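What follows is subunit A paired twice: with subunit B in the first complex and subunit C in the second.
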Partner chain A sequence: MKGFFRFIYELIGTPQPPSETPVYREVIFPNVGLLTIGLSLAMVLIFYYLINRALGVATFNKVRHWVIFLVVNAVLAFVIGIWQTNAQEVASHSYIYWMATWNAILGLFWFFLFSVLLKRGSTNASTTPF
Partner chain B sequence: MHLTRSFRLLPALTVGLLLAGCYSRSDMKGEKATAPAASTETAAPDENATTPAPTADATNNSAPATAAAGPLAQVNVFLEVSGSMEGFMPKTGADAANTRFQQHVAQFLSEVNRSSAARKTYFRIKEKPYRDSYQQLSQTVRSGIQQPASSTDIPTVLDTLVSGYYATNTVSVLISDFIYSPKNAGAIPYISTDITDALNRTQRPDLAISVYGYTSDFRGAYYPALNTGVRKISACCDTPIPYYFWVIGPADAVRRFDAALLERQPGQQAHFGVKYPTPASSLLSRFQNVGAWYYGEKDASKRAAGASYHTVAVSSISAKEPVEFVVGMDLKTLPALYRDLNYLKTSLNIQAQDTDAKIVSVFAANEQTKNSSGEESKYTHFVKVHVTKLGKAARPLQLVLRNQRPAWVAQWTTKNDSNINQTGTKTFALSSLMDGVQAVTATEQTPTPVFIIPLTLQPAD
Partner chain C sequence: MAKLFIFGIGGTGSRVIRSLTMLLASGVKLANCDRVVPIIIDPDAHNGDMNRTVDMLKSYQQIYQHLGPREDGFFQTDMSTLSSISADTNGGVKDTFVFDFGGINQSFRQYLSYDQLSVDSKGLVELLFTQDNLESPLTIGFRGSPNVGSIVLNKVVESPEIRFFADNFQAGDRVFFISSIFGGTGAAGFPLLLKNLKDPNTRLSNAGYLRNALTGAVTVMPYFALQSEDNSVIDSNSFLTKTKAALSYYEHNLQGLDALYYLADTPDTPYENQPGGTAQRNKAHLIELLAALSVVDFMQYSDAELRNGAPHFHEYGLGTDTQDLNFSHLPDESRELIAKHLTQLLYFSRYHKQHLPTDKAPYHDNLNLDHALRNEPIFKELNNFLHSPEYGVDEWLKELSQNRRSFRPFDLTTDDFNAMIAGKPVEKKWNDFFNKGLSQNYFLNQLNDAAKSIHEPDSFRKLVALFDQVTDKAFEEKVKVV
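This part shows the complex of A and B:
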């Protein structure tokens, strides 16, 4: 698991400053990764199963509504990155923002992935985004 | 509570009884005629125990090792009172001016007397030790020697101390000018051998000696060791004269005595055979760190409070992108000599394989590091290491503080003290005395290091 998160987060390069590497690899990457996956899954479930199935809302199933969720998910993923690095008191470095940005992009990806996997279970939005 | 206290007193009592036995040992050359009577006379009556001398060694060696903690069992202070010491302790004149020796030694005796050691004994050394009370010895220091001995033979004195007053948890402090005058010029090359033989006669395996050098003004007759020229320089001296404290005993006891009583009067010092616990140390990844490296320990990410790290994991390194790491060391537990930056700079070395690691600087804590919120605030000294290449796998890297002869020994040594006012603050053949001590306390050719801090240098995974 740690190896998986280390792989996807080090696609943008090794953590900086190097002295913080153990904290990033052992704590921050797994935390941020799991939280972001959980967040994306929750957002997908809310969009497809809460709003567009359980609540039966009929006017929130267009692509633009899905994009609102997608963007909100990305922003929250960015915030998770900043929050976790601050919580671990790593040395300040621009890498923190690169990592958070990368996490926002990964949030987009997870949201898209879960959407494709789970949209069929929704009554009102089973064809959103396509 | 009552019980434990009386148990604690037991070793002291035992040593006391044994000493009374050791006391009348006549293992010194040429003392048969006068000595034994005089020695028992000054000893306190309850110490005229009947413990036979031969059992002394056996019991001393089997004394409980548990006594290693807590205060020392016994401290013996020996003050040399031969004629050559008179200049340090001139009889108080009308101006009531004293010498630095008098000031210092009187204060030291007082500190010993107040110390936590279970038992303190005081001796004047003439041709053999004579028991004094604290008050008597302190009075001798303050108001001068009443009946100076003609001369004292240093090897004989050392032999007596090591054979008769050596016990677990006990130290002997010898205060003297350590001017060793061999019988004739032909004996001079053998000074170090004489010292070695004297200290080695009883073959104490953990014998340790700390030597402290001080200087004092000197008002009296100076007796040069080398008496080929003048036998005596009257109304000496224009230059300060060195005197020494030799702390002799088992390694552990000497270390603890040094730390308790001589820490605040460092003077010049040299230590032989004293073993020190490895000081606390850690790599500091957030203090003057350069290049791509991090703690290689598995649990480094936990950053537990008080954790220390000794593995450098290097993720990229080249001549253009060198790695520099700082190791913090807490040298508070070591004597002042080993905390001295000049000593550390010359004696601290790296032992490593497949790397060009070298020490670029050694520095002490300053206000900035002490007040820092980082880990560096815990350490008193720092070593910065510069690396540009390393092996393909983990390799040990050791920071070794070698036990070198401090420079002052050579500076305080003279081969001819017959014109001491010109020679300056020096002692005849001091280096040779130290050579002799070193030969006894070091088992190999190179003395054991003061400490070794083991580190690991490895490529990052």
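This part shows the complex of A and C:
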């Protein structure tokens, strides 16, 4: 698990400053990774299964509505990145913002992936985004 | 496979068959038969009422043929042309809902070969027929003259169509006649056809089956008046006199009927006086809808019930005598028979027009409607059946609401599904934020849901099944009773 998150978060380079690398690898990457995956899954479930199935809302199923959720998910993923680094009190560095931005992009990816996997179970958005 | 042969005679026959077709399209069931064979008998080949009924029947037939037999739902009853009941037509019977008079392109005088008659025969003809009768062109029918009709319609009995009908008549088949009693074609044609079909000495095949066939009829007594015009051949002031004369004939000369339905109404606003032709295109009237219900009622009786104590006579009374009727003014039995089905048909038609072309939803993608609505002929045919300004469902409902008496069960001016049933708005719960009654959202949600559960590869069949299921649920959940 830690290896997996270390791999995907270090695709943008090793954590900075180097002295904080162990904290990032042992705590922040797994926390941020799991929270972002959980967030994306929750957002997908809300969009496809709560709004577009359980609540019977049939007019909030267009691509533009899906994009709203996608963007909100990315913003929240960015916030999670900042929040977790602050919670671990790592040394201030521009890397934090790069990592948070990368996490937002990963949030886009997870949201898209879960959408493709789970959309069929939705009543009103089973063909969203395509 | 029992059949019901319906002879729709004259303009009233066409108009009642129009209403019957609407009822069958809405899902009203005809018991004890698998197939309806309407045969319109009207020598007026350009009659506006007849032609739009025929166009509608063709449209219904195409839709039914694509949908195939089903237990219930829209367009569940097979309506076929006479020639389609058997492959062996000998080439003499055209594939049409209309009896082929072959174009009677002459006056009644010429038809009788009057000039070649003996002096005595001419004297008899002049006793029975007026000069106007003799000079009238038969191309527009009998213009309210049953004495003319009874001569010309004898041709029907010897026609290839009637022989084909008799050849293919089977035990268990039923016959129903629709006619008016105060005009020309119907008043003459009904007793004449009945007499010939039940004649013990008939030369038609399957005479035994024909004689024993359960036979019903609805005879429509005056329910409209015509504008008075000095030079018009039809005077509606004579309708009652003609009715009385015909009734006194019927009293002793209708043999072989098992059920006879009488309908009449007090005329209100007079129709434009058109003796025939394309201009004779009257607005749909409640009486025609009730006459169509007599067919449904007749078919609900079992063989034993009809034979026991026949003939049975029926009349119809409204629940409330008013000029503007909605469902609440109908007797319970009629209301239960048609209210739900007509409401479903209205919802189908309105949604089809207002939202279907522009919906962006999974059910729409699933049925590939963007392509189908534009390109597939059967989808265009459904569009015609529902929305044609000539014969469509919308037009029929509009005409019923505009006539006198008016039958106005729906508010046709509103786009709000919650307010469409007159006097019975759908209740919306104030404390339930998501319950907007019959909103577009409701229909979309139900359509998307139903599209997942109905496994039908053909997109047209699936579309009709979807709307049947969804409108049924909408009525049961949101309207409940009317």
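The rule is simple: the second predicted complex is superposed on the first by the 130 of 130 C-alpha atoms of A that agree within 3 Å, B and C clash if a C-alpha of one lies under 4 Å from a C-alpha of the other, contacts with A are read in each partner's own complex, and residues count from 1 in each chain.
Please note the rule applied: a contact is a pair of C-beta atoms (placed from the backbone, for glycine too) under 8 Å apart; a residue touches a chain by one contact, two chains touch by 3 or more.
From a predicted model like this one, the values you see are computed outputs, not experimental measurements.
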*asked:* Looking at A:G56 after the superposition, I want to know if it touches subunit B, subunit C, both of them or none. Which is it: first, second, both, neither?
replied: second
*Looking at the overlay, what does A:T101 touch: subunit B (first), subunit C (second), both, or neither?*
neither
*asked:* I'd like to know which partner A:A125 touches here: subunit B for first, subunit C for second, both or neither.
replied: second
*Answer with first, second, both or neither: which of subunit B and subunit C does A:P18 touch in the superposed model?*
first
*In the superposed arrangement, does A:E26 touch subunit B (first), subunit C (second), both or neither?*
first
_According to the stated criteria, A:A91 is in contact with first (subunit B), second (subunit C), both, or neither; which is it?_
first
*Quick one: which bits of subunit A touch subunit C in the complex? Just the residue numbers, please.*
55-59, 61-62, 123-127
*Spell out the part of subunit C that touches subunit A in their complex, as residue ranges.*
360-362, 365-366, 434, 440-442, 444-445, 448-449, 452
*Name, in rising order, each residue of subunit A that touches subunit B in their complex.*
14, 17-23, 25-27, 91
*Report the residues of subunit B in contact with subunit A in the complex, numbered from low to high.*
285-286, 289, 291-295, 297, 300-303, 313, 315, 460
